[in-house]
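Letters are used for the chains, namely A, B, C and D, taken in the order the chains are written, and counting of residues starts over at 1 for each.
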Amino acid sequence: MKRFTGLLLMLVGVLAFPWGAFSQAPVTFTYIEQQIITASDPAAAVDESSLIAAINLYDPLLYPNVEKGSMEPRPHVAESWTVSPDGKVYTFKLRRGIRFHSGRELTAEDVVFSMERALRMKKGFSWVWTPVLEPGRIKALDKYTVRFELKEAYAPFLGSLLLFFILDKDLVMRNIRPGPYGEFGDYGSAFLERADAGSGPYRMERFDRATEMVMTRFENYWRGWKPNQISRVSFKTVTEEATVKTLIKSGQADMVNQWLSVQGFQELKQVPGIVVKEDPSVQLFHLQMNTKKPPLDNVKVRQAISYAFDYDTAIQKIFLGATRARGPVPVRVPGWNPKVPVYTRNVATAKRLVAESGVPPERLSIEYAYVVTLPLERQIGLLLKANLEEIGFKVEIRGEPWARIVELATKPETTPHITAIFDTLKYPHVDSHTYGMYHPSCWGTFRCMSFYENPKVTQVLEAARRAVKPEEQMRLYQLAQELIVRDAPSIYVANPLHRIAFRDYVKGYRYVGLLGFDVAFYDFTIAR
Amino acid sequence: MQKEPLLEIRNLTIHFHTFEGRARVINGIDLVIGKGESVALVGETGCGKSITAKAILGLLPPNAEVVSGSILFQGQDLLQLKGEELRRIRGRHIAMIFQDPSTALNPVFTVGEQLMDVLVHCDDQGSVQRWRTRRPVAMLRQRCVDMLRLVRIPDPESMMGRYPSELSGGMRQRVLIALALLQRPELVLADELGTALDVSIQDQILQELKDLVRTQGMSVLYITHNLGVARMVSDRVYVMYAGEIVEVALTHALFRRQFHPYSQGLLAAVPRLIGSIGEGIEGRIPDYVSPPPACRFEPRCPYRMPVCCEVRPPLREVESGRWVACHLYPASGGDSS
Amino acid sequence: MAETILVPQEIRATRREELRRAWSRFRSSTLALVGLGIILMMAAAAIFAPTIAPYPQHAGGFVDFANTFQPPSRAHLFGTDDVGRDVFSRVLFGARISLSMGIVVLSIALAIGVPLGLIAGYWSGWVSSLIMRITDVFLALPSIVLALAVAAVLKPTLTNAMIAIAFTWWPWYTRLVYGEVLSLKQEAFVEASRSVGAGPWRIVFKEILPNTWSPIIVKLTLDMGFVILVETGLSFLGLGAQPPTPAWGTMIAEGRIYMPANWWLATFPGLAIFLTVLGFNLLGDGLRDVFDVQIEQWRGGA
Amino acid sequence: MSFRTYLLRRLLHIIPALLGLSILIFVLSRVVPGDPARLALGPDATQEQVEQLRREMGLDKPLVVQYLRYMGGLFRGDFGFSLRTRRNVAQDIKEFLPATVELTTVAMLFAIALGVPLGVLSAVRKDRPEDHISRILALIGVALPRFWLAILLQLLFAYYLGILPTIGRGPAPPVRLTGIYLLDSLLALDFRAFLIALKHLILPAFALSVGSLAQIMRLVRANMIEEMRRDYVLAARSYGLPERVVIYKYALKNAFSSALTVIGLSYGFLLGNAFLVETVFAWPGLAFYGVDSLLFKDLNAVVGVTIVIGVAFAVVNLLVDIAYGYLDPRIRYET
């Protein structure tokens, strides 16, 4: 017995030892994401994590007007620009003296190289530019002047340049490996997994895709450094929510991203020393209905579902506060149409529409897919199931990893009947949530799981993009919204609150609304 | 009894606690071994011979209880000794040669290591001082090798490095003897020595052991179910039946004439010499939980009388040096038990 | 086994006698009785869930957002979850899933594993060595790893999780039966029936198979716990039951993110798994002592 | 049969099993309904790009050709290209394997270091309170769902008590030689890094080890009880050997060597559970990588991970066999 107690005592001793006293001194700012950085090459970045990495390692040509709390583009690498009257030629004057991490100056050559690279690689956000640009249409007029010659007027062009990151041409070309891009080999994409080729405020110290990217301050950053700015960042990926909460509560993390559950943020609000910031977002949460899959190919069935869903419960009880979505465009985005019809819960109407649709009751069987890591989407699914079963549907719920949903989205046959999607504005323009979601050119991506097709809408969207006059642009985009909502390709649920939590000594956080731009570590200061 | 007694067992009674109840396995036995004497304890399997030997060394299983009696060794009652004191007796003063050479050797250590362990750990000083006064390993090793040679093991040096599984049965048996004799005990308990072996090897080993103890001046208690063995090696024989001593006699006297009906039965089975005893007698050893109330042999006895199930026959000296526990024989000179 | 040749009736008689003795040995083991008690309790919970559960409709796609995250109380013994369902009711229904999962998986494993083991053990030749080499392949990987790989190939549903686990489980039974057959083949009673001209199928099914039951039963009991552990593990990783199915592993995965404030969501399903597995282990240990079989309980399970 | 032939035969047994395993997993991974090329290229790639990548990856070839190519690469240390991490799987494995080796080894050592003494104690004090406590703990240990235990441990030690870190391995020590933080930090004589690595290890290693610990304890107990009844134990006592030597040297070596094979099998147990425990603790090991690869349908990674795990399992069992032969001479001469 004595020996046994001894063992127990030893165990207790080991556990009670002040291990915490050995933890690292807090010199590194720890930011936690729940999704991995899928691409450290800015030309391949599409998701929030990858964009955050890009924004901190690279400079985009233009930057959102964060200071004014707006997402409109303002000068950044480009000091000023002019647009031709037909809206086709954009000429940018570059700022002088911007240095890459290699020490080289950033010049027009690099801008041309980076855009051509993006266009050739056809990854990331290149689809925004491919309709109007191709290699050869970007020219360096002199060391600090670049001209973009678009094939046609393109309404979202300026805004899209916020996603255009500039790479160090020399460094990339010195590090190419054999690859599919002819003389450019792999365009340095393997190299960019290990290092960066940017001019941004931080440089990549270490990157371990599954767990962590460590970034250190670039001392010669052209915007200069002020006291209390962050000098080193550990950008960690932690998938488990309970763990994320523990990390920030214990102070092992300084800031955690928006993907925690609503209840998680509620819980963090109660903790002294933690700030939970909530802002009305420009995000759309909607349930996309696959219009190519029966019975959802019937517009009356889709409308019936839109009438059956309990929006109030979703917004008040599941989102714990959010703006009711009115159409595909988030309500705070300029160009949103306030006059779009709004579906509200009306079981009688829903039942009537089902009857009118002529679909026999045994065919009313649908599948709802959601991202398995997001409990909110599961809750919405359970609510939808309850609502739809009330009007005679049979609903099956399925959680899938995000990667799998992206894969399912490639074909109408594999795309589930209904898929829950959070869609953040991709570029600061109404085009992102109209053309980007309802023009057939986007089919195959998670943004277009409706496979929506209405020739009238397609025509209006194309005209809107080509329109030069702002009023004309807006009129057409608003018309499109109205037409789309009538066809009910999605259940437009909410423009949720954007939430983020950080320790109270972190200052300077400002919500921008554009994917990734709120987590620019350069903007933060530490006040201890 | 001319010789000075080395070991005296007096009225030893041992019970076992079993699921069926209390088993009265050893029922008040007396046994004396003189200095330099070879004594045999014979009886059929299950009669309590091995238990007696284990009781001497204090190696009874946990469910055994010594109800009464004493085991005097050089005047000291072994039953009163505590664990550590008893341990110092074991091996150094009284050693046991185990019955089955295939199980009594540790399979995962070499012969040498097992021998050395005995010398190293059973040192006079006890465990604490061992570290300070560690005697040269070479010297201890030499003692082991010498002992192996003494028990007639060929090439004892290489034997030290072998594992028991590499040895023949006879060799293993010799190693067991070496282990027991290593500390030169005054008393050796040989439990069914060689039974597991070939007859010719058994004889050889018995003969060797007999010579060995004689030259070393040790006393031996042979435990055997084989009368032939007893006849070959012992000076005196104790016949045991069902946990009781039924007859004690000098070996040659016993083989000339047996008094107790059980002894007679035993010898009737002897002609083959190797055959186990009891085969010639009808019936089995009684149930120890509820044994016959008086004479335990009564149910099997061809001469049973009414008194046999009423009064337990005491062990009485019926002629000089011959003690018998049977109602057939009145005491020679008064009741001496 | 005795050296004597027993005729079948005698075998049956001794078997009956053995069973009687076994039962008395079993009764004397407190832990085995506790295990049996736990399992009977769980089985009762599973069978009578619709009657016992205070809110049987909560096992399915019920939602009541006015009633979410209620801590344990008299109305909700284990509290309510993130959509307002009674956790106690769901845990009760979860017993149905876990137990039926175990039964189905092991039935499949038996149905595949035992015949293959009999064939491989009784006949020698390339077929049996092929069978045994195939089991080696399956046993070269911890079963949960293989089950994960299979489950990931299939759509995540409860049925597919079942298939995945059963797919990895049968070789253990082939192995077990194979070993038993090899030793039984040498037994006198088998030799005897062979000598009186019994055909191989008759020998295999009438003489050998009945004698392999005791190790199989012990293994089945112990495996029930392991299968449940593996199943809950798969569900925990999102490769098993889908909402609103009240599978314990899924409930832990779903409830986990609400820890520690709403601890009851993940705690009670976890306790249910623990108790069930404990019950089967206790019972299995008891049975092992009763039947006095040596089987390795070591596997790359959860 | 000599021990060497025995080992050789074991090896000859393992190789076809591993080959079979590679075929099984390869076929499984190739029948996945889904398009790894699409997954690799992300949501916005065109169908034409996807087709091109499929060709580059050889996904348009017959399965047999794909398999032979893959195995050919395997022997050159080329595990194929990972879609998720966009580099050779061999590189990923090299990066993630040490964390798993570290975790499972420490867990195993922990299970042995605690399981063996507890088993001995339980056997020596059979049917006394210590025995009952140990046995009940062991029963609990076997039945606890590891991932649930892991969560509870995190809650208790990281959240409520705040004395141990919640996830991960902590910062890498200054030098990377083995990738095993405990070793690297020791080799660099950086004791602070060693302590940091150790405290990150405690919870996951413990959560992982309880099952094996319990089983080792039970087995050692059973074996010890059996060994203590043997003649050689009685014989050893009769020579006057101290109880300490009889129990901890004579009986334990026997009990432990027969427990050894089972310890090897329980390593598979650990490896399997690592998939759950590493996930809960975000432990950047092979299992963590494996789970993500499974969910992402990163075929080459899945095949690579399973083969490495199969090999690890086989190697450990072989090592155990060797150790067994070393500890128990009977195996060497009698098998």
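To be clear about the criterion, a residue touches a chain if its C-beta (ideal position, glycine included) is under 8 Å from a C-beta of that chain, and two chains touch if they have at least 3 such contacts.
Every value quoted in this text rests on a predicted model; they were computed, and no experiment measured them.
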* Could you see whether A-C or C-D has the larger number of C-beta contact pairs? => C-D
* Please list the single chain whose C-alpha centre lies closest to the global protein C-alpha centre. => D
* Could you please state the distance in Å, as a whole number, between where the Cα atoms of chain A are centred and where those of chain C are centred? => 45
* To do: Go ahead and note the Å separation of the Cα centroids belonging to chain B and chain C.
  => 53
* To do: Take the average of all CA coordinates in chain C, do the same for chain D, and state the distance between these two points in whole angstrom.
  => 24
* To do: List the centre-to-centre spacing of chain A and chain B in whole Å, with centres computed as mean CA coordinates.
  => 89
* Residue numbers in chain C touching 2 or more other chains? -> 238, 256, 259-260
* Structure fact -> Note: chain D residues in touch with at least two other chains are 151, 155, 159, 279, 295, 297
* To do: Return the residues of chain A touching two or more other chains; collapse runs of consecutive numbers into ranges.
  => 240, 242, 401
* Structure fact -> Residue positions on chain A within touch of chain C in the complex are 240-242, 261, 263-264, 267, 313, 317-318, 372, 375, 378-379, 381-383, 385-386, 389, 395-401
* Under the touch definition given earlier, write down the residues of chain A that touch chain D in their complex. => 1, 3-4, 7, 14-20, 22-24, 36, 38-39, 44, 46, 122-127, 180, 189-190, 193, 208-211, 236, 238-240, 242-243, 246-247, 249-250, 252, 401, 403-404, 406-407, 409-410, 444-447
* State the interface residues of chain C toward chain A in the complex, per the touch definition above. => 61-63, 65-66, 68-69, 82-83, 155-157, 238, 242-244, 254, 256-262
* Using the touch definition up top, name the residues of chain D that touch chain B in the complex. => 230-232, 234-245, 249-250, 253-254, 257, 327-330, 333-334
* Hey, which residues of chain C end up touching chain D in the complex? -> 31, 133-134, 136-146, 148-150, 152-153, 225, 229, 232-233, 236-238, 249, 252, 256, 259-260, 263, 266-267, 270, 273-275, 277-278, 281-282, 296-302
